[in-house]
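Lettered A, B, C, D and E in written order, each chain numbered from 1.
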């Protein structure tokens, strides 16, 4: 098995772990972290293809990962702010109960 | 420690065996913290039961009594003279003043007069005590504010010099046991007076240095200005006295109001604050120290010669006539009063202390609400309590 | 980094020569490993001893600031009456820490409680890897060294959080929250205060930044960044942020003694406590080293005629100076409150750091100006520093200041 | 400007740092076991019992077991048992003496009231402050043998006060002697008047105290008169 | 070479799986930190130094702090979530969905022939080159990301801010 395939396997398994977490848990923070994991899995793919791709000198994969990390950080900040806001409203952060658009 | 977030049951108190549900104290919006009695900045064995929302105090319950020594009951079973050394242990930072307050009450009870020289000596020692007390308080306050002991050690350096004078005069650094009914115990030597006068003359330069280090410090200003406000109405209602009251702008100083001792002969002013916050309480102490220096300088100038004891005073077999007396003075912490009821026996029938620190402590919660833990510590420090006096 | 210094005096080259000599003893396939191991051992030895003497120096210096003597008793145990100015105090302390009972609270999260001190030391040691201790004397030559430094440094706060949370003590928990708030607030100003240097030098590599500050005007005015308006101001911002980042007074909120007893260290004793203590000083040393590298010319000598003194000696001297300043500040200043701490970061330091970044850009753009234009350049740059500082400082002060008091005479 | 207060503070600590090396008013530390600051004369720690003769401390205690100190002691840490018999003290006058005189120094608070109220100048305050002990029940409970210190020791710790006490005792003794002399003279005159009829042997002069020096003189009976209140006025 | 990768993969996947299964939120947050550190190690292994440090700085240094902060601020929450039948069935469904996706992806990866040179040395990309790329061809993206971050920061502050009446005498 080539290293690229290993990388891709890692990435897809990580994606699925994140997916299961995001679907199975009802705690909003954990769901957010599951989504973060899925983003990270995508980043692994970018790096793997940059590393074993035809044109590593261009560095597009690296740049894309950098942008993705920035966006993920923004997502985490906003997401956790939302979690705190939800908590203020309903005194817990169970996703199933956050079903009203009005407080 | 348990169950802060729980609302009272709508069904009221249920009968039958109650199962006490122990909730994890780490869960819930509010955090209950028991600060003390073993805590670095509760000034002894004082405890604050604090309920925190984040770091903000929503409830504060002062708990004291850990140092209760039965002072008043012991005094009722001891001769009048025998209580004198116990009064040292009330406010152990300013024993000379406490001694004087007790002597004042007994002198009223027994109708003793105090010779002029002793009156001056008492004022000298009381004002030196004020310096000791305030300089300690300011040092501890800065420790509560988070300095690494530097201002405290500077303060203690100066305190040590005054305390050495007390030791040379009375034989003990803190437990002076110096005042007697109708005068003082030991007459200071001229060398002692010269040394004390020198120290007092040098004191303002220490205060200047101290103030230039800390009073204008931006962090100090940010930490103390606007923190722990006490408005004058509240303060008067609660019976707050001393610098804490004057920081709120109320002009009440027993040295002027009662004019006990020879204070009316002295020329000094009473500093008053306008904000009643921690900074004002700090500045009251600094300004009072400057005024005390003035009083001391005048006292050293005018100290008369003569006896230091009322010849009528008896050491052994002291039995005042039946009657009652309340003697009070402006101790460094506020109005310190002794109430005595005599039935003609060698022991007082009733003996009661009005401790200023205890009464000043009653408004701690009002001052702390809405501030953070860090502020509560500072506010407590600015009230100036001594647990020996609070718990008695 | 196998380049041996070809230039310089023997003393200058001595460490590298020594290392290469030792590496020769190893079989060829293991030489790379030996190379790194020797570097690690050297750093551990040098900075371990440095840490030991920093503690005693801090105690003695604080003592003198407070008109005390400081520790002056511990001598050599086998020589009766020897005192050695108390210099062996840290070793006595180490023995004490090692032999003390290690108490773990019953309710504590045992694993995290154990992991926290280990991680905090590991992370704080990792930052040493990219500091240029001398000419060609850098453990790992990294292209993105500064990024590495901050990445490793930011993880220590995580360990502090672990310590505070795992203790299951309310004071520790409050300390953990404070540590988090503090690191979130001060990571940004710290990095923003460093960015101007990166902008002017054009590299993230610490060795290149140190190299770029070489040279003198007229042989005695060194080209250190601290001697430019933006550099001086950036250095001040860096100092404040570094104090906050390394949890030193006046920013020692997580272990605020008068409020939280010992904060996250409340439930630690014995060697674990010593590890935290060690990590604090390692972190302080590393940040001081970074400050020296970025603003104080790194290992460069201050005057041309002093160049014969080896570069690593200069680095160490500057490091000691910075640490001395930190101790001095600790002996003087009061602690901020947590909301004031975060407000200082967001309302004062971040905007100033951003303005300073613009200032550095202006400096870099006008590097070609000469003659009278040079004065314009300095003037504009200083104005860009002082103006915002005064304006924002006034806002931060919020009208607070010394007050005047009235007196009653009756 | 923001920061000026902080800079001022730094300047003050720097000044103190420098001052700690040359200014004795700033560096006040005394390195205790090696260096000791001089104790002031008035310093007091725990009580001691003055005796006249170091060679025979129990025989020459000034204490006459009047138990005033026991009564006045605020924490009641003194315990005295009177003797059944009377023993001649140094002057030869028969006096009671304490068979047990114990002070529990773990209770004693060193207030000095016992020394103040003692009419015989017998109990005085010591200046020993290194009183650490390993057993609080036996080593801190001092009996009369441990409490007894010779007058010369009292002179060494409180010279002014001891000189005054000795002067007072000497004066009292002198007064007593004169009184005795006067009594003797009166007796002699009476005897002479009575003996005009039968001239007899001349009146005997009153016997002088065995030791002449004031410092080792036991209190004459007249010294029992209440002491004036202020000791050092 | 592959051994290191496998070790890193085990670290990443293991910590991620355990983190999502744990009930103690602090533990799972700390395990996530381990997972992110593992991903940074993967980037280092792949030769993307800059990305690795950025990953550590942003995830280990910043995101983890925010997560921990959120966990602590919502402290009451982690006692919740009992293992009831409802959550169990949700878990099973999630597992099926995840397993299905994993199966498809793994099958696709293993079934695709990939003829890339595995022996080639890791490509090096200096910071300067990355900077050049960012300011050159990707300048627009950089600007947009900057804008996005600013907006996100402001938005987060606005969302999480408490609508408490401003206290005028509060020391500010």
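The rule is simple: a contact is a pair of C-beta atoms (placed from the backbone, for glycine too) under 8 Å apart; a residue touches a chain by one contact, two chains touch by 3 or more.
Since the model is a prediction, treat every value here as computed from it, not as a measurement.
*Asks:* Moving step by step between touching chains, how few steps can get you from chain A to chain D?
*Replies:* The least step count works out to 3.
*Asks:* Expressed in steps between touching chains, what is the minimal separation of chain B and chain D?
*Replies:* 1
*Asks:* Ranked by contacting C-beta pairs, which pair of chains comes out on top?
*Replies:* A-E
*Asks:* From the mean C-alpha coordinate of chain C to that of chain E, what's the distance rounded to whole Å?
*Replies:* Inter-chain centre distance comes to 29 Å.
*Asks:* Could you work out how far the Cα centre of chain C sits from that of chain D, in whole Å?
*Replies:* 63
*Asks:* Starting from the mean Cα coordinates of chain D and chain E, work out the distance between those two points in Å.
*Replies:* 83
*Asks:* How many angstrom between the C-alpha centroids of chain E and chain A?
*Replies:* 5
*Asks:* Hey, what residues on chain D touch two or more of the other chains?
*Replies:* As it turns out, chain D has residues touching two or more other chains at 2-3, 6, 9, 12-13, 16, 26, 28.
*Asks:* Can you pull out the residues of chain E that are in contact with at least two other chains?
*Replies:* 50, 54, 62, 66, 69, 76, 78, 171
*Asks:* Mark out which residues of chain A touch at least two other chains, giving numbers and ranges.
*Replies:* Chain A, residues with two or more chain partners: not present.
*Asks:* Across the complex, what residues on chain A touch chain E?
*Replies:* So the residues of chain A in touch with chain E come to 1-10, 12-27, 29-30, 33-34, 36-37, 40, 43-44, 47-48, 50-53, 56-59, 62-63, 65-67, 69-78, 80-85, 87-88, 91-94.
*Asks:* Which positions of chain E touch chain A when the two form their complex?
*Replies:* Within the complex, chain E contacts chain A at residues 1-2, 5-6, 8-9, 12-13, 16-17, 19-20, 25, 28-29, 32, 35-36, 39, 42-43, 46-48, 50-51, 54-55, 58-59, 62-63, 66-67, 69-71, 73-74, 76-78, 80-81, 87, 90-91, 93-95, 97-99, 101-102, 105-106, 109-110, 114, 116-118, 120, 122-123, 125, 129-130, 133-134, 138, 141, 145, 148-149, 152-153, 155-157, 159-160, 162.
*Asks:* Under the definition above, what is the set of chain D residues touching chain C in their complex?
*Replies:* By the definition above, chain D touches chain C via 1-3, 6, 9-10, 12-14, 16-17, 19-21, 26-29, 31.
*Asks:* Within the complex, which stretch of chain B touches chain D?
*Replies:* 78-79, 81-86, 88, 150, 154, 157, 160-161, 164, 167-172, 175, 177, 183, 185-187, 209, 212-221, 307-309, 311, 313-316
*Asks:* So in the complex, which bits of chain C are touching chain B?
*Replies:* For this pair, the touching residues of chain C are 62, 65-68, 168, 170-171, 173-174, 177, 249-250, 252, 256-261, 330-340, 397-398, 400-403, 405-410.
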